[in-house]
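As written, the chain order gives the labels A, B and C, with residue 1 at the start of each chain.
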Amino acid sequence: MATKHHDDTTHDAPATGDGELYGILAEYDTPGELVDAARKVRDAGYAEFDCYTPFPVHGIDEAMGIKRTILPLIVFGGGFTGLIGGVFLQWWMNAYNWPWNISGKPSWSIPANVPIAFEATILFSVFASFFGMWILNKLPQVWHPFFRSDRFARVTDDAFVLGIESKDRRFDAVATRKLLQDAGAIAVEDVYLDPDPKAKAMPKWIVAFVVASTAFALIPFALVAKARNSKASQPHIHIFADMDFQPKYKADTAMDLFADGRANRGEVSGTIARGHLKADDTFYRGLENGSWTLGFPKQLEINDALMKRGQNRFNIYCSACHGFDGRGSGTIPQRVAATGGAWQARNLVEAGGATVTMPNGQLFNTISNGFNTMMGYAAQLPHADRWAIVLYVRALQRSQNASLEDVPPDQRGSIR
Amino acid sequence: MSTAAEEHPHEPGKAREAFRAITRDVSWVAEAPKPHKAWLVALGIALIMLGIGGLSIFVLVTTGIGVWGNSNTVGWAWDITNFVWWIGIGHAGTLISAVLFLTRQSWRVSINRAAEAMTIFAVMCALLFPLLHTGRPWFAWWMLPHPNDMGMWPQFRSPLMWDVFAVSTYATTSILFWYMGLVPDLATFRDRFAAKGDKLKAIIYGVLSLGWRGSARNWHRYERAYLILAGLATPLVFSVHSVVSFDFATSQLPGWHTTIFPPYFVAGAIFSGFAMVLTLMLPLRHLFNLQHIIKESHVEAMCKIMLATGMMVGLAYGTELFIAWYSGNLYEKFAFANRAFGPFWWAYFAMVSCNVLIPQAFWFKKIRQRPVIIFILCIFINIGMWFERFVIIATSLARSFLPSAWSYYTPTRWDVGLFVGTLGLFFTLFLLFFRYVPVIAMSEVKGAMPEAHAGGPKGEHK
Amino acid sequence: MSILQKTLHPDEKIKAGKIGSTLSKAGFGIAAVFLGLSIILTLMGSPTGGHESKWARFFHAYVIGWSYIFSISVAMLWIVMLHHLVRGRWLTAVRRICEAMAGAFPIIFIAGLGFIIPLLAGYKDLYYWAHPDAHNHELNHHLLHKLGWLSPNFFAVRYVIYGVGMSYLAWYFAKKSRQQDESGDPKISETLRIASAPAMILFSLLVSMVAFDILMSMAPKWYSTIYGVNFWGSACVGGFAALALIVLGIQRTGRLTRAINAEHYHDIGKWMFAFTFFWAYTAFSQFMLQWYGNMPEETHWYKYRMFGEWQWVSIAMLVGFWAFPFVFLLSRWTKRIVPALVFFSVWQLVFHWLDLYWNVMPSYQWQVAFHDGARIVAGPLTGNTAFHQVGFSPVDVTVWLGLVGVFLIGLGRNLTGNLIPTKDPTLPASLAHEVQ
C-alpha cells in the first residue's frame, strides 16, 4: 500500500462565501485501498458515508456493509403481474368478452396464449427491474452537494473517493479527517454547501421548460378529447382517401344522364319478382277462362276454419261500412247519416241485390280492387283471406234470407 | 494489454493512468470538435440511402402494396425476408450484452455498447417492414388492444400478434438495457464537458445521466439490476426469434411447418448478428484507433462464435433434409427438392455457400487474424442469411400445394429501395451514435481490467 | 485479466482410492438385483395390459432405461467439451467427475445390446418397423420407403457406429486430461480446446441420430425435426442433476471437501435450471407447432398423450419437470444449500426419466392396438381415449433401476486415480471460483 500521501490544504478553514460543511471527501489511489478505508470507516461506526468509483469495485459491498437489495423481489412481483395480466388479457378479450372462432380452435387455447403471456411476463419484469432500480437509487438526482468539488468530477474517470457526510452522528471535522488520512488517502477535502439559498432553488428556466413541455405534450390528448366529445358541421379530413370517394351512383340519388334526373331506373317492364308470378287466374283474380269464377279456387279447402277466418276478417275490414250483418249500416254510414250526409254503404245481403247475384269471382274482385267509393283491400288482405271473406259473405247472404226450414230442427225452438 | 500500470500495479497513480487512458481513448471521438472525414463521408452515403428509403416509403404508402413484387401466390417476399433479417441481426447485440455477461466472458465489454446500439437500430429497421406491409400502416394501432367503436379485440392466437408483443418487448428491453449501461458513461461525458467549460453539452449529458455519481450504494443496486436484466434478456432473445419463426412454423406449408425452426432461427440470428457487429466494428476500430480496447482476441472469439452458430444452422439444414425424406410426405420431399433444383436454385446455392461453406474459413487462425478478410467474409455471411430467409419464404410460397397457383417472384425497384433505405437508416443511426454517445462501455472496461483489483489484499490476486 | 486464484489444500484427499471399485460392485449388485427382478416379474406375467408378448413391456422399459443412462453420459461429455472449447474455468474442479460419468459409454452400449440383439434375432414387438405388419401396404404405405433405413440390420450397424463414436470422444477427453495430471503440460489444454470443436460437430450428429433412431422411431409414422435437440435438453437436465448428486456423494467420503464448494454447486444448479428452461422451450415448440398446424400425421402422437390416462402424465411433466423446479431454482439459495440442491436434483432425475417414459411407453400400447389380430381395434387414430392407458407396471421401474446400476458400474470403473485434474492450468481459478 502506498504510504506517500499528502494533505490537501485547499480548505483547512471555510473560505469566505462558503456555507456550512456538508462533508469530507477523501481520495485513494487504488480500488483496494478504497475498500480498506471503507472497512475502517464502517468499523468506526459511521453510517452516512459512501464510496464513489468509476466502476463497481469488487469487495466494496461487504466492506461498507451494504445490505442486499430487495430489487429481485420487486422484479419477481413485476413478472408475476405481467404473467397474470397477460393471461387475463387474452382470456378476457378472446374467450370471454368476444369469443372468436378461429379455425375451430377453442377460444381459450392455452398453447396459443403462451407466447404473449411469456412476453408480458418479461416486459413487466424488465420495467420492474429498470424503474425499480432507479427509484431505489433515488435517481434522477441531477445535483449533489459533492459535485461542488472539482476532485469529485474525476470519480467518473479514474478517482476512487470516499465521502462522509457531516450529518452522521460520529462526524467530527478533525477526527473524521484524521481517520480518512490514516487509512491512506492521497487527498482529503472539505466540501461546503453554497451559502446562497437561491443556489438551492431550481433554476427558473428548467421549471419553465418542464411546464412548457408538459403542456405541449398534453395538446394531442386535448385535441383527441375535443374531437371525441364535440360535434362538427364540417366533414372530416381525409388524409388518405382510400376508397372514400367513389365515382359511382348510389340508389335514390340524382343523375343528369337520364331525362328524369334519377339514378334509379325502375323495373324493366314485364319483370316479375320471384314468387310473384301469380299465374293462377282463379286464385289471384277470380277469373276462370276469362269470366268470373262461380266457385272457389281449387287450392282452398272450404271448411269451418275458412269460414271462421272469413268471419274474422269481415268483422275487421268490412263491418265498419257494411255492418256486422252485411245490411250496410255499419258505424261509418251511421255517422254519415247522423251528420246529415247522404252517402250509403251497399247492402250485401238483400235478396235480389247485385251482391247476391254476382259470381264469387266478381265479389272477389270488388274486395281486391274496390268499387266506386269503396277502396280496394288488396294491400291489406292476402288472396286467401279475401276468398274467406267471399265465403263468409255468401254465408251471411244465406243467413239473412233464410226461412224457418233452413234452421236445423233442433234449434228451431230457440228462435222467436 | 501492456500498460505501465500493469507492470507496476502498486505504484501510486499508475493504476489510475490506465483508467484515464480508457476514458480518453473513448471520449475523444465525441469531443473532437470536427468529425473525422471518413465519418462525414459515410454519413453522407448513409443519408442518401435513407433518402431512397424515404422515397420508397412515400410511393408505397400513397400508391399501395402493388408497387412491390408481391403477388397472390408469393404474398410475403422481400418485406418479411428483410424483417426477419434485421431482427436476426439485432440478436447479436443482446447476446453479447446478456448471454456473454451471464457466462462471464469479460471480453464482451469492448463491444457490448456498440452491439446493443446495433440491436436497437436493427430492431427499428425491422419494425418498418411489418408496419408498412400491412398496406394501411396508419391503422397499425388497431393491433394494440384498446376499447374501440367496433368492439373488437386483437386475435391473440395469431403468430402475427405474438410478433407484435415479442418485438415490442424486445425493442423496449433493448433500449432500457442499453440506456442503463450508458448512464455511468454519460456521467463521464458530463464531467468531461463540464471541465472543458462546454455548458450546453454538460447539461444535456447531465440530464441524460440522471445525476449519476458512482455511489457504491447505487452501484450495488445497479449491478443487481444489470444481472437481472441480463437474465431476462437471455430468454427474451430466444423467445423473440422463436416467435418470429412461429410466423412460418405454425402454418401447414411444407418447408415452413417444421418443429426445429425456433432454435434454428435463433442460431441463425446470432450468426448473422455477429457478422454485422464485425462488419461495423472492424472499420471503426481501425479508423478510430481502438485496437487496444477491441482486441484481436475479441475479434477471434467472435469469428469462432460465427463458426459455431454457422455449424448449428448447417446441422438444422441437414436435419430438415433427412426428416423430409424420413417423413415420406410427398409435399415435404418436393419442397426441399424444389429448393435445390427449382426456379430459385440460385438463391439456395447462395445460401448454402455463404452460410455453410464460407464460415469454414474461420477454422484457420490465419484468417481469424486478418481483419480485412474477416470483414469480407462477414458481408457474405449476411448475404447468405438474407438468402436463407428468402429461400424459406419465397420458394415455399412459389411452389405450394396447388400447381395451378405456382408462380415466380421478382422484386421491384421499390422493394429494393426500401431495403436500401433501411440500410441507410441503420448506418445513419449508428454513425450518429458513434459520434455522440460513448461507443465503448468505459465503466465496464475499467472494471474488467487487472488494475481494477489493484491494491487489494496480498496473495489472492494475480 | 485479473482472476482470483487458489491452490489445492495440501491435506485435500484427491485420490479415488477404493470408491471406484466399491461403486462398480454396488452398481453390479443393483443391476443384477433389479434386472433379475424384472425378468422374474415378466416371466410371472406381471400385469401390463394383456399384450401377447409379455416381453414387450420389458423391452420398452429397457429402451427407456438405456436412453436414460445414455443421456446422463451425453450431458457430461457435452459440458466437458464445451468447457474446453470456451476456455472455461469454473468446471475444472469437478471436470474429472464429469469425464468419469461420460466414460460410462462403453458399458452403456454393451448394455444396449440387451435390446439390439433380440431385435437382430427377429423380435418384433419392440419397434413396429421390425414387425411384419410394417410391410403391409394397406396399413402402412407411408412406412414402406423408410423400411430400408429402419431395418434391424442397418439399425444395428448404426448403433455400433454411435457406440464407437461416443465412447471414443469420451475416452479421448478423459485420456488427455489424465495425461496432463502427469506431465502438467499446458499444451494439452490447447490440444483439447482445438479438438473440442470438431468433437462437438461429431457429437451433435451422433446424439441427433441416436434420438431419431432409438427414440423417435418408436412411432415410425411420426417425425419432428427438433426431436434431437429436445432429447439433448432433457439429457442435460438429468446430467447436471446426476453430477450434483455424485459430487456430493464423493464429498461424503471425505474427498474433495475443500476443493468443491457452494460456488460450484451454485453453477451446477444454474446449468440444471437453464436446461430445465431449455427443455421446456424445445418441448413447447414441438408441441405447440404440431398442435397449431393440426395435421393428423403429426398430431396423432400428441393426441395419444393428451387424452385418457396419459394426459395426467403430460400434466405431471409440465408441472414437475418444468414449472415447479423453475420457480424454485430461480432463487440462489436452492442451488447453494445442499439439502435443497439434493432435493431438486433427485426430483429432476425422476422427472427426466418420466420424460423418456412419456416419449416411449405410449408406443407399447400402440403396438397392441395395431397388432391385435391385424385389425386396428383402438389406438390413436380412432380417438378411443379409453385405450390411452398408462398401464403402469413395476417392470418399468425395476428395469430403470437395473440400468442405473449398469451406469454405476461404468462410472465406478472410471473413478480411479486423481479425482481432480491436478495440473490443469485453470484449476486455481476454479478453486477460487465465486459466483456473482
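The working rule: a residue touches a chain if its C-beta (ideal position, glycine included) is under 8 Å from a C-beta of that chain, and two chains touch if they have at least 3 such contacts.
Treat the numbers as computed from the prediction; the structure is a model and nothing was measured.
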{"item": "Taking each chain's C-alpha mean as its centre, the one farthest from subunit C", "value": "A"}
{"item": "Most central chain, Cα average position", "value": "B"}
{"item": "More contacts between chains, A-C or A-B", "value": "A-B"}
{"item": "For subunit A paired with subunit B, centre-to-centre distance based on mean C-alpha positions, whole Å", "value": "38"}
{"item": "Rounded Å distance between subunit A and subunit C, as computed from the means of their C-alpha atoms", "value": "53"}
{"item": "Contacts with two or more other chains, residues of subunit A listed in rising order", "value": "105, 112"}
{"item": "Where subunit B touches two or more other chains at once, by residue number", "value": "223, 235, 246, 452-453"}
{"item": "Of all residues in subunit C, the ones touching two or more other chains", "value": "288, 292, 294"}
{"item": "Residue ranges of subunit B touching subunit A (in the complex, touch as defined)", "value": "9-13, 15-17, 19-20, 23, 61, 136, 138, 145, 151-159, 161-162, 165-166, 169, 172-173, 176-177, 180, 184, 187-188, 190-192, 194-195, 206-207, 210-225, 228-229, 232, 235-236, 239, 243, 246, 442-444, 446-447, 451-457"}
{"item": "Complex contact set, residues of subunit C against subunit A", "value": "284, 287-288, 291-292, 294, 330"}
{"item": "Touch list for subunit B against partner subunit C, complex", "value": "103-106, 223, 227, 235, 238, 242, 246, 249-252, 257-263, 304, 307-308, 311-312, 315-316, 319-320, 322-323, 325-329, 363, 448-450, 452-453, 460-462"}
{"item": "Touching residues on subunit C, where the partner in the complex is subunit B", "value": "1-6, 86, 142-143, 145-146, 149, 197, 200-201, 204-205, 208, 212, 223-229, 277, 281-282, 285-286, 288-290, 292-295, 297, 432, 436"}
{"item": "Touch list for subunit A against partner subunit B, complex", "value": "1-2, 4, 29-33, 35, 38, 50-61, 64, 66, 69, 71-72, 75, 89-90, 93-94, 97-98, 100, 102, 105, 109, 112-113, 115-116, 118-120, 122-123, 125-127, 129-130, 132-134, 136-137, 139-144, 146-147, 150, 152-159, 186, 239-240, 242"}
